[in-house]
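Chain naming follows the written order as A, B and C, and within any one chain the residues start at number 1.
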Amino acid sequence: MAEGMVGASRSGQWVAHFLLVIGVIVVAFPIYYVTIASTHPIQTILRPPLPLLPGDAGLANYAEAIGGGVGRIGGVGVGRLLWNTTLVAVSVAVGKIVISIASAYAIVFFRFPLRMVFFWLIFITLMLPVEVRILPTYKVMVDLRLIDTYAGLILPLIASATATLLFRQFFMTIPNELLEAARVDGAGPWRFFRDILLPLSATNIAALFVITFIYGWTQYLWPLLVTNSNSMNTIIIALRKMISFADADTPWNLVMVTCVFAILPPILVVVLMQRWFVKGLVETEK
Amino acid sequence: MTRGPILTAALLIGTAAAIPAEAKTDISWWHAMTGANAEVVTKIANDFNASQEDYEVVPVFKGTYPETLNAGIAAFRAKQAPDIMQVFDVGTGVMMAAEGAIKPVADVLDDAGMTFDKSQYLPGIVAYYSKPDGTMLSFPYNSSSPILYYNKDIFEKAGLDVNAPPKTWTEVWDMARKIKASGAAPCGYTSTWLTWIHLENFAAWNDVPYATNENGLAGSEAELEINAPIYVNHFQALADLAKDGTFKYGGRTSEAKQIFLAGECGIFTESSGGLGDIVKSGMNYGIGQLPYDSDAEGAPQNTIPGGASLWVFGGKSDETYKGVAAFFDYLSQTDVQEYLHQTSGYLPVTMAAYEATKESGFYEKNPGRETPILQMMGKEPTANSKGVRLVNLPQIRDIENEEFEKMLAGQQTAQQALDNAVERGNAAIQSALGQ
Amino acid sequence: MNRATFPHRLLPYLLVAPQLAISLVFFYWPAAQALRQSTQREDPFGLATQFVGLANFRAVLSDPAWLNALRVTVVFSAWTAFLSMAIALLLATQAEKLIRGKDVYRTLLIWPYAVATAIAGMLWLFLFNPSFGTLAWPLRQIGIRWDPLLNGTQAMGLVIAAAAWKQISYNFLFFVAGLQAIPKSLLEAAAIDGAGGARRFWTITFPLLAPTTFFLLVVNTVYALFDTFGIIHAVTGGGPGRATETLVYKVYNDGFVNLQLGSSAAQSVILMAIVIALTAIQFRYIERRVHYG
């Protein structure tokens, strides 16, 4: 790093490390905790407080969960759950990016009647979460025969004010000269988009992919409502299905394992893609 | 790697899952069972499907009890209602009010040419799910009753007789104080579901009215009567014990079970359906009847069921109803009921299943399991003990819980809490009735 | 701002069409249904419907429980947005100071972002449940009477902590990105002029972060208002009393659990109006003051 050493005194470094370590402990502890819990037998989990070190039932728990334990309770096995969730998350991410980049492109690089009306129409959808409009939205799904289909799971989650907003912010930072030069070269809207804008947006797209993938992965109430068949379950729903604070005896050891399965893939996506993810954000925020 | 899922997703969008043509009639069954109880649902459906050729019961989990009820209602409004839906006890009033939406189970069975003999069923349970004229509206699936659990190790440490659980609430308070004072455990007593156990069942068990009009069973115009002195004294005792932690509040529903499992409290009241977790935890526990109020005449009377029943939606084909009737017939079979009762901890629905379980020696091996049945069958139900049926019981419970929480936090007395609950509850009932 | 554009009549409409179509079908049409429902009194099954005009709105606005939810929402959202942004900014500025190890911290700090709110709620419940929570025990040891089941302030603290926790990662990444975009020469020049660390932060870094902060303010407010539903649902259920019942939770509870459809619909309409107004204000008065490159 060739930057200047502003604020990089020796004591400043120690303070920074100290604060960051505290931050990491606060942030990572709940996730560490559930991972530890997944290695303990059910008796230990049922008799809190839980030890903070791994137990010896890890292998047994994971083997049981993968070898049909989850399927017995949730109706379908871990593999199917992960596949459904991945499919939903990836489709939501790709769909969101495609329609958001298109609408942001129109709003920033074209002047047309009702432009700002459209922008507001899109932006306001940010404010109408599924919980608030659940009954009428469900009716729409039934009318369109989308209950129990992947399309029904995915389509309503695709509209994205956040992604449109982010692309808009980024497009607004593209210098006018770039577009003028492209026009002088005789480039039309499509060529400008493909040859200049898209490559420039690559990191933004990567960043948005992460954000929207996570969004799709973590949905709960919507998948619960529009799916009837067990084979359409996402892992979050299956997890909920296993948990009962009420009458049933809950297989807590399997719950903890499923919890780890539900948390791990999105964490991997975030961690593995963080380079592009962060770079995308930097470029948006210039 | 990423290409596969994207392509598949693109292909799948727009092609709604094709339903293979089958000769069998599908019967959809929406339920709210989780954990081990969900396994029971799957097994029963599979066994029924294997037992005959014509019908296929398809169980679908639809979330918690309120979520399932709401999903069913949303589906009904969209003309996509399931055939059978599991509705929790407090949703009974809601379903009953919707006469055009449901088909009484008695009619379903009659139309299919099956005679429905009420005397074969456990009276307390069937009464709860019937109209005042005796027509059974829904099929009891999972019924439970509140009982008392206690930690024998803690009893021993506190110098209490490990084979003599408390019988009255006064005894509970005394033993709880002893447990706390002796240091055997940091807390004496805790309970799940204050509304269900300490109000609805308290009323039935002590034979005092919960609301006018036979607790709402004789007519929907009902006014709460839960601020009578017997309730006030009971809750003031709880509030006083809460001050030094002798009574510990765990939450509005079943959360307190964890407190008991953690060995923090010696005595615990909870649904009989909660036994599974307690057995699994390996605790040295004992079981007793739900305590009663020694000041109440005629106590103990009988407890009322919690849990859920199966409702049948209206407007389905005759073939579907025949299938539903066949399924309910299968459900009432003694061996199915025996399996349900012995695996899940819920009560059997038929007398025959109860007798068979008794003969098999199950209760000798599992002593606590008969307690809830005896509690419910002990006496012929009175006007106060058939149950509570209000159009908006879930909302009333919310109001009661809010007032209890303020009381237990020391912000108001039991008298104030119950007066407020009555006043707010009555207003809510009036508003729900559309007045 | 004068932006160079393409002259085209049809193309822009085609480009916004998919986004708009989905918004109309899955947002506006249902919202219109909610609007219609808010003027009706209806039984849950839709068997009997009655037009009641604005009666539902009058009832909601005069309901002390609704006003309480409004107050709870303001407190909850303000604290959640403030806490998660402040902690994230603190950590981001510390990370920016580091000579090495920055990437390691970043990797460790972004985990919670990937956790579903429903699961986040569950995790915090495991940790802080007064009886069996692993972290509730030390709290009691240091003399705090930890009982969020009955103590409204503690319950509020718990849901705010859980909600803010989940959002720290997101804010952290955006602040790191924003900080990296600030020209180091500017800070060095200020340092040479003798400006101390705190002064450099408040006079240079913080104002230059304004676009990031503004964006995050919008995102965090929306997050606190809506996406935290799963956390409140799992951790407190709106209790004790109604101490943590936010407007969205009340919409859900009245409509979904208590089946008062008209009142619930009226509440969502009011909620939409509030949020639209808030957004308009934010855009009008805040966006003007932030610097775009």
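Here, contacts are C-beta pairs under 8 Å (C-beta built on N, C-alpha and C of every residue); 3 or more make two chains touch, one makes a residue touch a chain.
Heads up on the chains, UniProt names are A = sn-glycerol-3-phosphate transport system permease protein UgpE; B = sn-glycerol-3-phosphate-binding periplasmic protein UgpB; C = sn-glycerol-3-phosphate transport system permease protein UgpA.
Keep in mind the model is a prediction, meaning the values are calculated, not measured.
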Busiest chain-chain interface by contact pairs, anyone? A-C
Tell me, please, which chain's centre (mean of its C-alpha atoms) is farthest from the centre of subunit A? B
How many angstrom between the C-alpha centroids of subunit B and subunit A? 37
Between subunit A and subunit C, what is the gap in Å from one C-alpha centre to the other? 16
Subunit B residues touching 2+ other chains are 67, 77, 255, 258, 261-262
Mark out which residues of subunit C touch at least two other chains, giving numbers and ranges. 131-132, 256
Among the residues of subunit A, which ones contact at least 2 other chains? 48-49, 134-135, 139, 155, 240, 243
Could you pull out which subunit B residues touch subunit A in their complex? 2, 5-6, 8-10, 12-17, 28, 30, 33-39, 42, 58, 60-63, 67, 71, 74-75, 77-80, 142, 144, 253-255, 257-258, 261-263, 271, 273-274, 276-277, 279-282, 307, 344-346
Along subunit A, where are the residues that touch subunit B in the complex? 42-43, 46-49, 72-75, 86-87, 90-91, 94, 134-135, 138-139, 142-143, 145-151, 154-155, 224-225, 228-230, 240-251
Residues on subunit C engaged by subunit B in the complex (per definition of touch): 41, 43-47, 50, 129, 131-132, 149-152, 237, 239-242, 253, 256-260
Along subunit B, where are the residues that touch subunit C in the complex? 66-67, 70, 73, 76-77, 94, 97-98, 100-101, 248-252, 255, 258-259, 261-262, 264, 392, 394-395, 398, 401-402, 405-406, 408-409, 431-432, 434
Complex contacts: residues of subunit C adjacent to subunit A: 1-9, 11-13, 15-16, 18-20, 22-23, 25-31, 33-34, 37, 87, 90-91, 94-95, 97-99, 101, 105-120, 122-124, 126-127, 131-134, 137, 165, 168-169, 173-174, 176-178, 180-181, 184-185, 187-188, 191, 197, 200, 211-212, 215, 219, 222, 226-227, 229-230, 248, 251-252, 255-256, 261, 268, 271-272, 275-276, 279, 292-293
